[in-house]
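Labels A, B, C and D are assigned to the chains in the order they are written; within every chain, residues are numbered from 1.
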Amino acid sequence: MDYLKVQREGARTPNQPLQSQKGIVSKELEALRDALRQFAADRDWDQFHSPKNLASALSVEAAELLEHFQWLTEEQSKGLSSEAKLRVADEMADVLVYLVRLADKLDVNLIDIARSKIARNAEKYPVDKARGSAKKYTDL
Amino acid sequence: MDYLKVQREGARTPNQPLQSQKGIVSKELEALRDALRQFAADRDWDQFHSPKNLASALSVEAAELLEHFQWLTEEQSKGLSSEAKLRVADEMADVLVYLVRLADKLDVNLIDIARSKIARNAEKYPVDKARGSAKKYTDL
Amino acid sequence: MDYLKVQREGARTPNQPLQSQKGIVSKELEALRDALRQFAADRDWDQFHSPKNLASALSVEAAELLEHFQWLTEEQSKGLSSEAKLRVADEMADVLVYLVRLADKLDVNLIDIARSKIARNAEKYPVDKARGSAKKYTDL
Amino acid sequence: MDYLKVQREGARTPNQPLQSQKGIVSKELEALRDALRQFAADRDWDQFHSPKNLASALSVEAAELLEHFQWLTEEQSKGLSSEAKLRVADEMADVLVYLVRLADKLDVNLIDIARSKIARNAEKYPVDKARGSAKKYTDL
(Lines give C-alpha, C1' and ligand atoms only; values in the text may rest on other atoms or scores of the structure.)
Protein backbone atom coordinates (compact mmCIF):
# COMPACT_ATOMS: atom_id res chain seq x y z
CA MET A 1 0.00 0.00 0.00
CA ASP A 2 1.72 3.16 -1.14
CA TYR A 3 -0.79 5.09 0.90
CA LEU A 4 0.20 3.51 4.18
CA LYS A 5 3.86 3.74 3.28
CA VAL A 6 3.55 7.48 2.84
CA GLN A 7 2.03 7.73 6.28
CA ARG A 8 4.64 5.59 7.93
CA GLU A 9 7.44 7.59 6.46
CA GLY A 10 5.94 10.77 7.82
CA ALA A 11 6.72 12.35 4.51
CA ARG A 12 3.64 14.55 4.39
CA THR A 13 3.79 18.27 4.77
CA PRO A 14 0.77 19.99 6.29
CA ASN A 15 -0.72 20.97 2.94
CA GLN A 16 0.32 17.97 0.95
CA PRO A 17 -2.55 16.39 -0.94
CA LEU A 18 -3.78 13.20 0.55
CA GLN A 19 -3.27 10.92 -2.39
CA SER A 20 0.00 9.42 -3.34
CA GLN A 21 1.33 11.11 -6.43
CA LYS A 22 1.55 7.91 -8.36
CA GLY A 23 -1.67 6.39 -7.06
CA ILE A 24 -3.85 4.12 -9.11
CA VAL A 25 -6.16 6.01 -11.37
CA SER A 26 -9.44 4.99 -12.90
CA LYS A 27 -9.74 6.88 -16.12
CA GLU A 28 -13.50 6.32 -16.03
CA LEU A 29 -13.75 8.01 -12.61
CA GLU A 30 -11.55 10.80 -13.91
CA ALA A 31 -13.92 11.24 -16.82
CA LEU A 32 -16.83 11.51 -14.38
CA ARG A 33 -14.89 14.04 -12.35
CA ASP A 34 -14.24 16.13 -15.45
CA ALA A 35 -17.87 15.94 -16.56
CA LEU A 36 -18.99 17.10 -13.11
CA ARG A 37 -16.50 19.96 -13.12
CA GLN A 38 -17.88 21.12 -16.43
CA PHE A 39 -21.46 20.67 -15.26
CA ALA A 40 -20.87 22.85 -12.20
CA ALA A 41 -18.87 25.45 -14.11
CA ASP A 42 -21.57 25.78 -16.76
CA ARG A 43 -24.17 26.51 -14.05
CA ASP A 44 -21.97 28.56 -11.72
CA TRP A 45 -22.62 25.99 -9.01
CA ASP A 46 -19.16 25.83 -7.53
CA GLN A 47 -20.35 28.42 -5.03
CA PHE A 48 -22.66 25.77 -3.51
CA HIS A 49 -20.16 22.92 -3.63
CA SER A 50 -18.23 23.39 -0.42
CA PRO A 51 -17.05 20.08 1.06
CA LYS A 52 -19.53 20.60 3.89
CA ASN A 53 -22.45 20.91 1.48
CA LEU A 54 -21.30 18.03 -0.71
CA ALA A 55 -21.03 15.78 2.33
CA SER A 56 -24.60 16.73 3.27
CA ALA A 57 -25.84 16.03 -0.24
CA LEU A 58 -24.05 12.69 -0.32
CA SER A 59 -25.63 11.72 2.99
CA VAL A 60 -29.08 12.73 1.78
CA GLU A 61 -28.71 10.66 -1.39
CA ALA A 62 -27.53 7.65 0.62
CA ALA A 63 -30.69 7.94 2.71
CA GLU A 64 -32.84 8.15 -0.42
CA LEU A 65 -31.19 4.92 -1.51
CA LEU A 66 -31.97 3.35 1.86
CA GLU A 67 -35.58 4.50 1.63
CA HIS A 68 -36.21 1.95 -1.14
CA PHE A 69 -35.27 -0.84 1.27
CA GLN A 70 -36.64 0.33 4.60
CA TRP A 71 -39.82 -1.76 4.70
CA LEU A 72 -38.49 -4.71 2.72
CA THR A 73 -37.26 -7.88 4.32
CA GLU A 74 -33.67 -8.81 3.57
CA GLU A 75 -34.96 -11.55 1.30
CA GLN A 76 -37.14 -9.14 -0.63
CA SER A 77 -34.17 -6.82 -1.03
CA LYS A 78 -32.35 -9.64 -2.81
CA GLY A 79 -35.12 -10.04 -5.36
CA LEU A 80 -35.92 -6.54 -6.57
CA SER A 81 -38.00 -6.20 -9.71
CA SER A 82 -36.17 -4.69 -12.65
CA GLU A 83 -38.23 -1.55 -12.16
CA ALA A 84 -37.24 -1.23 -8.51
CA LYS A 85 -33.65 -1.93 -9.45
CA LEU A 86 -33.65 0.96 -11.88
CA ARG A 87 -34.90 3.31 -9.15
CA VAL A 88 -32.27 2.03 -6.74
CA ALA A 89 -29.53 2.38 -9.35
CA ASP A 90 -30.62 5.95 -9.87
CA GLU A 91 -29.94 6.77 -6.21
CA MET A 92 -26.63 4.93 -6.35
CA ALA A 93 -25.65 7.16 -9.25
CA ASP A 94 -26.35 10.22 -7.10
CA VAL A 95 -24.18 8.85 -4.32
CA LEU A 96 -21.29 8.23 -6.71
CA VAL A 97 -21.68 11.65 -8.32
CA TYR A 98 -21.37 13.46 -4.98
CA LEU A 99 -18.58 11.18 -3.85
CA VAL A 100 -16.55 11.90 -6.99
CA ARG A 101 -17.28 15.61 -6.67
CA LEU A 102 -16.17 15.67 -3.02
CA ALA A 103 -13.04 13.68 -3.86
CA ASP A 104 -12.23 16.25 -6.51
CA LYS A 105 -12.67 19.16 -4.09
CA LEU A 106 -10.52 17.46 -1.42
CA ASP A 107 -7.97 16.07 -3.87
CA VAL A 108 -8.59 12.51 -2.71
CA ASN A 109 -7.81 9.49 -4.90
CA LEU A 110 -10.85 7.27 -4.39
CA ILE A 111 -9.28 4.10 -5.70
CA ASP A 112 -6.20 4.46 -3.52
CA ILE A 113 -8.12 5.13 -0.33
CA ALA A 114 -10.52 2.25 -0.94
CA ARG A 115 -7.63 -0.14 -1.60
CA SER A 116 -5.91 1.07 1.52
CA LYS A 117 -9.09 0.69 3.55
CA ILE A 118 -9.60 -2.88 2.43
CA ALA A 119 -6.02 -3.68 3.42
CA ARG A 120 -6.48 -2.17 6.87
CA ASN A 121 -9.81 -3.92 7.35
CA ALA A 122 -8.11 -7.20 6.54
CA GLU A 123 -5.84 -6.57 9.53
CA LYS A 124 -8.66 -5.44 11.80
CA TYR A 125 -10.80 -8.43 10.91
CA PRO A 126 -8.51 -11.47 10.77
CA VAL A 127 -10.18 -14.35 8.96
CA ASP A 128 -10.02 -16.71 11.90
CA LYS A 129 -11.60 -14.31 14.37
CA ALA A 130 -14.11 -12.60 12.11
CA ARG A 131 -15.43 -15.69 10.38
CA GLY A 132 -19.23 -15.63 10.41
CA SER A 133 -19.39 -12.83 12.98
CA ALA A 134 -21.00 -9.42 12.53
CA LYS A 135 -19.21 -8.01 15.57
CA LYS A 136 -17.31 -4.77 15.32
CA TYR A 137 -13.56 -5.31 15.34
CA THR A 138 -13.31 -3.72 18.79
CA ASP A 139 -15.51 -6.52 20.12
CA LEU A 140 -13.76 -9.45 18.41
CA MET B 1 -31.22 -10.65 -14.83
CA ASP B 2 -34.35 -8.94 -16.15
CA TYR B 3 -32.53 -5.72 -15.75
CA LEU B 4 -29.75 -6.68 -18.12
CA LYS B 5 -32.26 -8.21 -20.47
CA VAL B 6 -34.05 -4.89 -20.74
CA GLN B 7 -30.77 -3.28 -21.56
CA ARG B 8 -29.88 -5.79 -24.19
CA GLU B 9 -33.22 -5.56 -25.88
CA GLY B 10 -32.99 -1.82 -26.09
CA ALA B 11 -36.51 -1.68 -24.73
CA ARG B 12 -35.97 1.52 -22.81
CA THR B 13 -38.60 4.21 -22.53
CA PRO B 14 -37.79 7.93 -22.68
CA ASN B 15 -37.23 7.91 -18.91
CA GLN B 16 -34.63 5.21 -19.10
CA PRO B 17 -32.14 5.87 -16.35
CA LEU B 18 -29.35 3.75 -17.69
CA GLN B 19 -27.34 4.33 -20.72
CA SER B 20 -25.07 2.23 -22.79
CA GLN B 21 -25.78 -1.19 -24.17
CA LYS B 22 -22.39 -2.61 -23.53
CA GLY B 23 -21.41 -0.58 -20.54
CA ILE B 24 -18.26 1.30 -19.76
CA VAL B 25 -16.13 -0.53 -17.29
CA SER B 26 -13.56 0.75 -14.86
CA LYS B 27 -11.08 -2.02 -14.35
CA GLU B 28 -10.02 -0.36 -11.08
CA LEU B 29 -13.59 -0.51 -9.75
CA GLU B 30 -13.78 -4.11 -10.91
CA ALA B 31 -10.62 -4.87 -8.98
CA LEU B 32 -12.20 -3.34 -5.87
CA ARG B 33 -15.32 -5.41 -6.46
CA ASP B 34 -13.24 -8.57 -6.72
CA ALA B 35 -11.23 -7.74 -3.59
CA LEU B 36 -14.46 -7.15 -1.66
CA ARG B 37 -15.94 -10.42 -2.89
CA GLN B 38 -12.88 -12.22 -1.65
CA PHE B 39 -12.90 -10.34 1.64
CA ALA B 40 -16.51 -11.33 2.32
CA ALA B 41 -16.03 -14.91 1.17
CA ASP B 42 -12.99 -15.38 3.41
CA ARG B 43 -15.02 -14.25 6.42
CA ASP B 44 -18.33 -15.86 5.49
CA TRP B 45 -19.89 -12.42 5.52
CA ASP B 46 -22.12 -12.77 2.48
CA GLN B 47 -24.87 -13.79 4.87
CA PHE B 48 -24.88 -10.22 6.25
CA HIS B 49 -24.58 -8.48 2.88
CA SER B 50 -28.18 -8.29 1.75
CA PRO B 51 -28.87 -5.18 -0.36
CA LYS B 52 -30.98 -3.86 2.52
CA ASN B 53 -28.10 -4.15 4.98
CA LEU B 54 -25.54 -2.77 2.54
CA ALA B 55 -27.76 0.25 1.90
CA SER B 56 -27.96 0.81 5.68
CA ALA B 57 -24.21 0.52 6.05
CA LEU B 58 -23.62 2.91 3.16
CA SER B 59 -25.96 5.44 4.73
CA VAL B 60 -24.25 5.12 8.10
CA GLU B 61 -20.82 5.68 6.56
CA ALA B 62 -22.09 8.72 4.65
CA ALA B 63 -23.28 10.16 7.96
CA GLU B 64 -19.90 9.47 9.57
CA LEU B 65 -18.38 11.43 6.71
CA LEU B 66 -20.81 14.27 7.33
CA GLU B 67 -19.99 14.26 11.04
CA HIS B 68 -16.55 15.67 10.30
CA PHE B 69 -18.16 18.74 8.75
CA GLN B 70 -21.19 19.33 10.91
CA TRP B 71 -19.84 22.16 13.09
CA LEU B 72 -17.49 23.64 10.51
CA THR B 73 -18.34 26.66 8.44
CA GLU B 74 -18.30 26.13 4.69
CA GLU B 75 -15.08 28.11 4.55
CA GLN B 76 -13.46 25.89 7.18
CA SER B 77 -14.55 22.84 5.22
CA LYS B 78 -12.55 24.11 2.26
CA GLY B 79 -9.36 24.34 4.31
CA LEU B 80 -9.10 21.02 6.14
CA SER B 81 -5.78 20.17 7.72
CA SER B 82 -4.03 17.18 6.17
CA GLU B 83 -4.85 15.25 9.34
CA ALA B 84 -8.55 16.04 9.07
CA LYS B 85 -8.42 15.21 5.37
CA LEU B 86 -7.08 11.75 6.15
CA ARG B 87 -9.96 11.10 8.51
CA VAL B 88 -12.46 12.36 5.95
CA ALA B 89 -10.87 10.27 3.19
CA ASP B 90 -11.17 7.26 5.43
CA GLU B 91 -14.95 7.69 5.61
CA MET B 92 -15.13 8.29 1.86
CA ALA B 93 -13.37 4.97 1.36
CA ASP B 94 -16.06 3.27 3.44
CA VAL B 95 -18.77 4.85 1.32
CA LEU B 96 -17.13 3.66 -1.89
CA VAL B 97 -16.57 0.19 -0.51
CA TYR B 98 -20.25 -0.29 0.34
CA LEU B 99 -21.34 1.32 -2.92
CA VAL B 100 -19.19 -1.06 -4.95
CA ARG B 101 -20.39 -4.00 -2.88
CA LEU B 102 -24.05 -3.05 -3.36
CA ALA B 103 -23.51 -2.52 -7.08
CA ASP B 104 -22.04 -6.01 -7.25
CA LYS B 105 -25.01 -7.54 -5.44
CA LEU B 106 -27.52 -5.70 -7.67
CA ASP B 107 -25.52 -6.14 -10.87
CA VAL B 108 -25.38 -2.39 -11.45
CA ASN B 109 -22.69 -0.74 -13.59
CA LEU B 110 -21.69 2.30 -11.51
CA ILE B 111 -19.92 4.14 -14.29
CA ASP B 112 -22.84 3.75 -16.68
CA ILE B 113 -25.48 4.89 -14.23
CA ALA B 114 -23.44 7.92 -13.16
CA ARG B 115 -22.85 8.94 -16.79
CA SER B 116 -26.51 8.52 -17.50
CA LYS B 117 -27.47 10.53 -14.43
CA ILE B 118 -25.25 13.42 -15.43
CA ALA B 119 -26.83 13.43 -18.88
CA ARG B 120 -30.33 13.51 -17.43
CA ASN B 121 -29.41 16.21 -14.94
CA ALA B 122 -28.12 18.31 -17.81
CA GLU B 123 -31.63 18.18 -19.24
CA LYS B 124 -33.35 18.84 -15.92
CA TYR B 125 -31.11 21.78 -15.16
CA PRO B 126 -30.67 23.72 -18.42
CA VAL B 127 -27.73 26.08 -18.19
CA ASP B 128 -29.78 29.22 -18.81
CA LYS B 129 -32.34 28.46 -16.10
CA ALA B 130 -30.11 26.85 -13.48
CA ARG B 131 -27.26 29.34 -13.64
CA GLY B 132 -26.32 30.42 -10.12
CA SER B 133 -29.48 28.94 -8.59
CA ALA B 134 -29.66 26.25 -5.92
CA LYS B 135 -33.34 25.59 -6.62
CA LYS B 136 -34.55 22.08 -7.23
CA TYR B 137 -35.40 21.45 -10.88
CA THR B 138 -39.10 21.24 -10.03
CA ASP B 139 -38.91 24.86 -8.84
CA LEU B 140 -36.91 26.31 -11.73
CA MET C 1 -42.83 35.04 13.39
CA ASP C 2 -44.61 34.83 10.06
CA TYR C 3 -45.23 31.22 10.78
CA LEU C 4 -47.18 31.87 13.94
CA LYS C 5 -48.97 34.74 12.29
CA VAL C 6 -50.24 32.45 9.58
CA GLN C 7 -51.51 30.14 12.27
CA ARG C 8 -53.25 32.88 14.17
CA GLU C 9 -54.98 34.24 11.13
CA GLY C 10 -56.38 30.88 10.24
CA ALA C 11 -55.16 31.46 6.70
CA ARG C 12 -54.32 27.84 6.09
CA THR C 13 -55.10 26.12 2.86
CA PRO C 14 -56.39 22.52 2.66
CA ASN C 15 -52.80 21.31 2.65
CA GLN C 16 -51.99 23.01 5.91
CA PRO C 17 -49.52 20.81 7.74
CA LEU C 18 -49.99 22.23 11.18
CA GLN C 19 -52.94 21.95 13.39
CA SER C 20 -54.11 23.73 16.44
CA GLN C 21 -54.36 27.45 16.97
CA LYS C 22 -53.15 27.44 20.50
CA GLY C 23 -50.88 24.47 20.48
CA ILE C 24 -50.57 21.56 22.82
CA VAL C 25 -47.54 21.85 25.02
CA SER C 26 -45.51 19.18 26.74
CA LYS C 27 -44.02 20.74 29.83
CA GLU C 28 -41.40 17.98 29.88
CA LEU C 29 -40.26 18.87 26.33
CA GLU C 30 -40.25 22.52 27.35
CA ALA C 31 -38.02 21.66 30.28
CA LEU C 32 -35.64 19.88 27.89
CA ARG C 33 -35.69 22.90 25.60
CA ASP C 34 -34.83 25.19 28.51
CA ALA C 35 -32.04 22.93 29.74
CA LEU C 36 -30.56 22.86 26.23
CA ARG C 37 -30.77 26.63 25.93
CA GLN C 38 -28.87 26.96 29.17
CA PHE C 39 -26.35 24.31 28.14
CA ALA C 40 -25.57 26.14 24.90
CA ALA C 41 -25.50 29.57 26.53
CA ASP C 42 -23.09 28.39 29.21
CA ARG C 43 -20.69 27.14 26.54
CA ASP C 44 -21.22 29.93 23.98
CA TRP C 45 -22.36 27.29 21.52
CA ASP C 46 -25.24 29.18 19.95
CA GLN C 47 -22.79 30.28 17.28
CA PHE C 48 -22.64 26.66 16.05
CA HIS C 49 -26.36 25.97 16.33
CA SER C 50 -27.69 27.26 13.04
CA PRO C 51 -30.70 25.25 11.82
CA LYS C 52 -28.50 23.90 9.02
CA ASN C 53 -25.93 22.56 11.48
CA LEU C 54 -28.54 21.19 13.86
CA ALA C 55 -30.23 19.34 10.99
CA SER C 56 -26.84 17.82 10.09
CA ALA C 57 -26.20 16.79 13.67
CA LEU C 58 -29.66 15.28 13.99
CA SER C 59 -29.10 13.27 10.81
CA VAL C 60 -25.71 12.06 12.02
CA GLU C 61 -27.17 10.91 15.34
CA ALA C 62 -30.00 9.11 13.55
CA ALA C 63 -27.39 7.22 11.54
CA GLU C 64 -25.46 6.33 14.69
CA LEU C 65 -28.71 4.90 16.00
CA LEU C 66 -29.14 2.91 12.80
CA GLU C 67 -25.58 1.63 13.03
CA HIS C 68 -26.55 -0.54 16.00
CA PHE C 69 -29.07 -2.37 13.83
CA GLN C 70 -27.36 -2.57 10.46
CA TRP C 71 -26.13 -6.15 10.62
CA LEU C 72 -28.92 -7.51 12.81
CA THR C 73 -31.87 -9.40 11.44
CA GLU C 74 -35.25 -7.87 12.17
CA GLU C 75 -35.84 -10.63 14.70
CA GLN C 76 -32.58 -9.88 16.47
CA SER C 77 -33.51 -6.20 16.59
CA LYS C 78 -36.61 -7.16 18.56
CA GLY C 79 -34.58 -8.94 21.22
CA LEU C 80 -31.78 -6.55 22.14
CA SER C 81 -29.85 -7.28 25.29
CA SER C 82 -30.27 -4.69 28.02
CA GLU C 83 -26.70 -3.58 27.34
CA ALA C 84 -27.42 -3.04 23.65
CA LYS C 85 -30.65 -1.30 24.53
CA LEU C 86 -28.75 1.19 26.69
CA ARG C 87 -26.46 2.02 23.78
CA VAL C 88 -29.41 2.39 21.45
CA ALA C 89 -31.28 4.57 23.95
CA ASP C 90 -28.22 6.76 24.18
CA GLU C 91 -28.40 7.52 20.46
CA MET C 92 -32.14 8.08 20.68
CA ALA C 93 -31.47 10.67 23.37
CA ASP C 94 -29.11 12.48 20.99
CA VAL C 95 -31.76 12.50 18.28
CA LEU C 96 -34.35 13.97 20.65
CA VAL C 97 -31.90 16.55 21.97
CA TYR C 98 -31.15 17.90 18.50
CA LEU C 99 -34.79 17.72 17.47
CA VAL C 100 -35.85 19.77 20.49
CA ARG C 101 -33.03 22.23 19.89
CA LEU C 102 -33.97 22.65 16.22
CA ALA C 103 -37.64 23.06 17.13
CA ASP C 104 -36.62 25.80 19.53
CA LYS C 105 -34.57 27.62 16.90
CA LEU C 106 -37.37 27.38 14.33
CA ASP C 107 -40.18 28.04 16.81
CA VAL C 108 -41.90 24.78 15.95
CA ASN C 109 -44.31 23.05 18.34
CA LEU C 110 -43.25 19.39 18.11
CA ILE C 111 -46.39 17.95 19.66
CA ASP C 112 -48.67 19.91 17.35
CA ILE C 113 -46.84 19.00 14.17
CA ALA C 114 -46.69 15.32 15.09
CA ARG C 115 -50.42 15.25 15.89
CA SER C 116 -51.15 16.99 12.64
CA LYS C 117 -48.93 14.58 10.73
CA ILE C 118 -50.66 11.55 12.15
CA ALA C 119 -54.03 13.02 11.15
CA ARG C 120 -52.86 13.64 7.60
CA ASN C 121 -51.29 10.19 7.34
CA ALA C 122 -54.61 8.70 8.39
CA GLU C 123 -56.13 10.33 5.29
CA LYS C 124 -53.26 9.34 2.99
CA TYR C 125 -53.35 5.75 4.19
CA PRO C 126 -57.03 4.77 4.52
CA VAL C 127 -57.41 1.64 6.60
CA ASP C 128 -59.10 -0.37 3.86
CA LYS C 129 -56.42 0.35 1.24
CA ALA C 130 -53.32 0.36 3.43
CA ARG C 131 -54.10 -2.76 5.45
CA GLY C 132 -51.06 -5.01 5.52
CA SER C 133 -49.30 -3.11 2.72
CA ALA C 134 -45.95 -1.35 2.93
CA LYS C 135 -46.58 0.59 -0.27
CA LYS C 136 -46.12 4.32 -0.34
CA TYR C 137 -49.43 6.20 -0.42
CA THR C 138 -48.76 7.30 -3.99
CA ASP C 139 -48.75 3.64 -5.01
CA LEU C 140 -51.85 2.52 -3.12
CA MET D 1 -30.66 11.41 37.58
CA ASP D 2 -32.64 8.35 38.51
CA TYR D 3 -31.47 6.77 35.28
CA LEU D 4 -27.80 6.94 36.19
CA LYS D 5 -28.54 5.89 39.73
CA VAL D 6 -30.17 2.72 38.52
CA GLN D 7 -27.08 1.94 36.46
CA ARG D 8 -24.68 2.60 39.28
CA GLU D 9 -26.57 0.39 41.63
CA GLY D 10 -26.40 -2.46 39.17
CA ALA D 11 -30.02 -3.14 39.91
CA ARG D 12 -30.93 -4.20 36.39
CA THR D 13 -31.74 -7.70 35.44
CA PRO D 14 -30.92 -8.75 31.89
CA ASN D 15 -34.43 -8.23 30.59
CA GLN D 16 -35.37 -5.28 32.71
CA PRO D 17 -36.81 -2.41 30.72
CA LEU D 18 -34.41 0.42 30.23
CA GLN D 19 -36.44 3.16 31.82
CA SER D 20 -36.71 3.72 35.50
CA GLN D 21 -40.11 2.71 36.70
CA LYS D 22 -40.84 6.10 38.07
CA GLY D 23 -39.30 8.07 35.20
CA ILE D 24 -40.63 11.43 34.13
CA VAL D 25 -43.47 11.09 31.73
CA SER D 26 -44.78 13.49 29.15
CA LYS D 27 -48.47 12.77 28.80
CA GLU D 28 -48.39 14.45 25.38
CA LEU D 29 -45.70 12.03 24.17
CA GLU D 30 -47.70 9.18 25.64
CA ALA D 31 -50.74 10.36 23.71
CA LEU D 32 -48.63 10.33 20.51
CA ARG D 33 -47.41 6.85 21.34
CA ASP D 34 -50.98 5.64 21.81
CA ALA D 35 -52.17 7.26 18.59
CA LEU D 36 -49.31 5.59 16.70
CA ARG D 37 -50.08 2.22 18.24
CA GLN D 38 -53.68 2.55 17.08
CA PHE D 39 -52.59 3.75 13.64
CA ALA D 40 -50.36 0.72 13.13
CA ALA D 41 -52.88 -1.74 14.57
CA ASP D 42 -55.64 -0.42 12.29
CA ARG D 43 -53.45 -1.03 9.24
CA ASP D 44 -51.77 -4.24 10.39
CA TRP D 45 -48.43 -2.47 10.13
CA ASP D 46 -46.79 -3.85 13.23
CA GLN D 47 -45.29 -6.53 11.02
CA PHE D 48 -43.14 -3.84 9.36
CA HIS D 49 -42.21 -2.01 12.55
CA SER D 50 -39.23 -3.96 13.77
CA PRO D 51 -36.73 -1.75 15.63
CA LYS D 52 -34.34 -2.25 12.70
CA ASN D 53 -36.87 -0.92 10.21
CA LEU D 54 -37.98 1.94 12.44
CA ALA D 55 -34.36 3.02 12.90
CA SER D 56 -33.97 3.03 9.10
CA ALA D 57 -37.13 5.06 8.64
CA LEU D 58 -36.07 7.54 11.31
CA SER D 59 -32.71 7.96 9.61
CA VAL D 60 -34.35 8.48 6.22
CA GLU D 61 -36.67 11.15 7.62
CA ALA D 62 -33.77 12.92 9.30
CA ALA D 63 -32.04 13.07 5.92
CA GLU D 64 -35.18 14.45 4.29
CA LEU D 65 -35.10 17.16 6.92
CA LEU D 66 -31.46 17.86 6.14
CA GLU D 67 -32.23 18.04 2.42
CA HIS D 68 -34.07 21.33 2.95
CA PHE D 69 -30.87 22.88 4.29
CA GLN D 70 -28.17 21.31 2.17
CA TRP D 71 -27.56 24.18 -0.26
CA LEU D 72 -28.45 27.00 2.12
CA THR D 73 -25.85 29.03 3.96
CA GLU D 74 -26.10 28.93 7.73
CA GLU D 75 -27.45 32.48 7.63
CA GLN D 76 -30.15 31.52 5.15
CA SER D 77 -31.10 28.59 7.37
CA LYS D 78 -31.82 31.08 10.16
CA GLY D 79 -34.23 33.03 8.02
CA LEU D 80 -36.52 30.45 6.44
CA SER D 81 -39.70 31.69 4.82
CA SER D 82 -42.88 30.59 6.55
CA GLU D 83 -43.51 28.27 3.62
CA ALA D 84 -40.10 26.62 3.96
CA LYS D 85 -40.59 26.39 7.70
CA LEU D 86 -43.81 24.46 7.21
CA ARG D 87 -42.03 21.96 4.98
CA VAL D 88 -39.21 21.60 7.47
CA ALA D 89 -41.65 21.17 10.36
CA ASP D 90 -43.33 18.42 8.38
CA GLU D 91 -40.08 16.43 8.25
CA MET D 92 -39.45 17.09 11.94
CA ALA D 93 -42.85 15.59 12.65
CA ASP D 94 -41.83 12.43 10.80
CA VAL D 95 -38.65 12.19 12.86
CA LEU D 96 -40.57 12.52 16.10
CA VAL D 97 -43.19 10.01 15.00
CA TYR D 98 -40.60 7.31 14.30
CA LEU D 99 -38.64 8.18 17.43
CA VAL D 100 -41.74 7.79 19.60
CA ARG D 101 -42.64 4.57 17.81
CA LEU D 102 -39.16 3.13 18.30
CA ALA D 103 -39.15 4.17 21.96
CA ASP D 104 -42.43 2.34 22.38
CA LYS D 105 -41.07 -0.84 20.79
CA LEU D 106 -37.91 -0.74 22.90
CA ASP D 107 -39.66 0.43 26.07
CA VAL D 108 -37.47 3.50 26.33
CA ASN D 109 -38.54 6.60 28.25
CA LEU D 110 -37.52 9.43 25.92
CA ILE D 111 -37.70 12.18 28.50
CA ASP D 112 -35.58 10.26 30.98
CA ILE D 113 -32.86 9.35 28.51
CA ALA D 114 -32.65 12.91 27.17
CA ARG D 115 -32.37 14.34 30.69
CA SER D 116 -29.72 11.81 31.50
CA LYS D 117 -27.83 12.60 28.31
CA ILE D 118 -27.78 16.30 29.01
CA ALA D 119 -26.41 15.60 32.49
CA ARG D 120 -23.66 13.39 31.11
CA ASN D 121 -22.80 15.90 28.40
CA ALA D 122 -22.45 18.56 31.06
CA GLU D 123 -19.72 16.42 32.59
CA LYS D 124 -18.05 15.64 29.26
CA TYR D 125 -18.06 19.27 28.21
CA PRO D 126 -17.11 21.33 31.29
CA VAL D 127 -18.01 24.97 30.78
CA ASP D 128 -14.44 26.24 31.20
CA LYS D 129 -12.96 23.86 28.63
CA ALA D 130 -15.78 23.75 26.09
CA ARG D 131 -16.51 27.47 25.97
CA GLY D 132 -16.68 28.60 22.35
CA SER D 133 -15.14 25.39 21.05
CA ALA D 134 -16.73 22.93 18.60
CA LYS D 135 -14.22 20.22 19.45
CA LYS D 136 -15.37 16.77 20.38
CA TYR D 137 -14.99 16.04 24.06
CA THR D 138 -12.22 13.54 23.36
CA ASP D 139 -10.19 16.41 21.87
CA LEU D 140 -10.78 18.99 24.59
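Simple rule for what comes next: a residue touches a chain if its C-beta (ideal position, glycine included) is under 8 Å from a C-beta of that chain, and two chains touch if they have at least 3 such contacts.
Just so you know, these numbers come straight off a predicted model, no measurement behind them.
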item	value
Chain hops separating chain C from chain A, counting only touching neighbours	1
Chain copies touching (chain C, chain D) - same or different residues, decided at half shared	same
Pair exhibiting more inter-chain C-beta contacts, A-D or A-B	A-B
Geometric centre distance via CA averages, chain D-chain A, whole Å	28
Geometric centre distance via CA averages, chain B-chain A, whole Å	7
Touching two or more other chains - residues of chain B	48, 53, 56, 59, 62-63, 66, 69, 71-74, 134
List of chain D residues in touch with chain C within their complex	7, 12-16, 18, 24-29, 32, 35-36, 39, 42-45, 47-48, 50-53, 55-56, 58-59, 61-63, 65-66, 68-69, 72-78, 80-82, 85-90, 92-97, 99-100, 102-103, 105-106, 108, 110-111, 113-118, 121-122, 125, 127, 130-132, 134
Interfacial residue positions of chain C with respect to chain A in the complex	56, 59, 63, 71-74, 134
In the complex, chain B residues that touch chain C	48, 53, 56-57, 59-60, 62-64, 66-67, 69-71
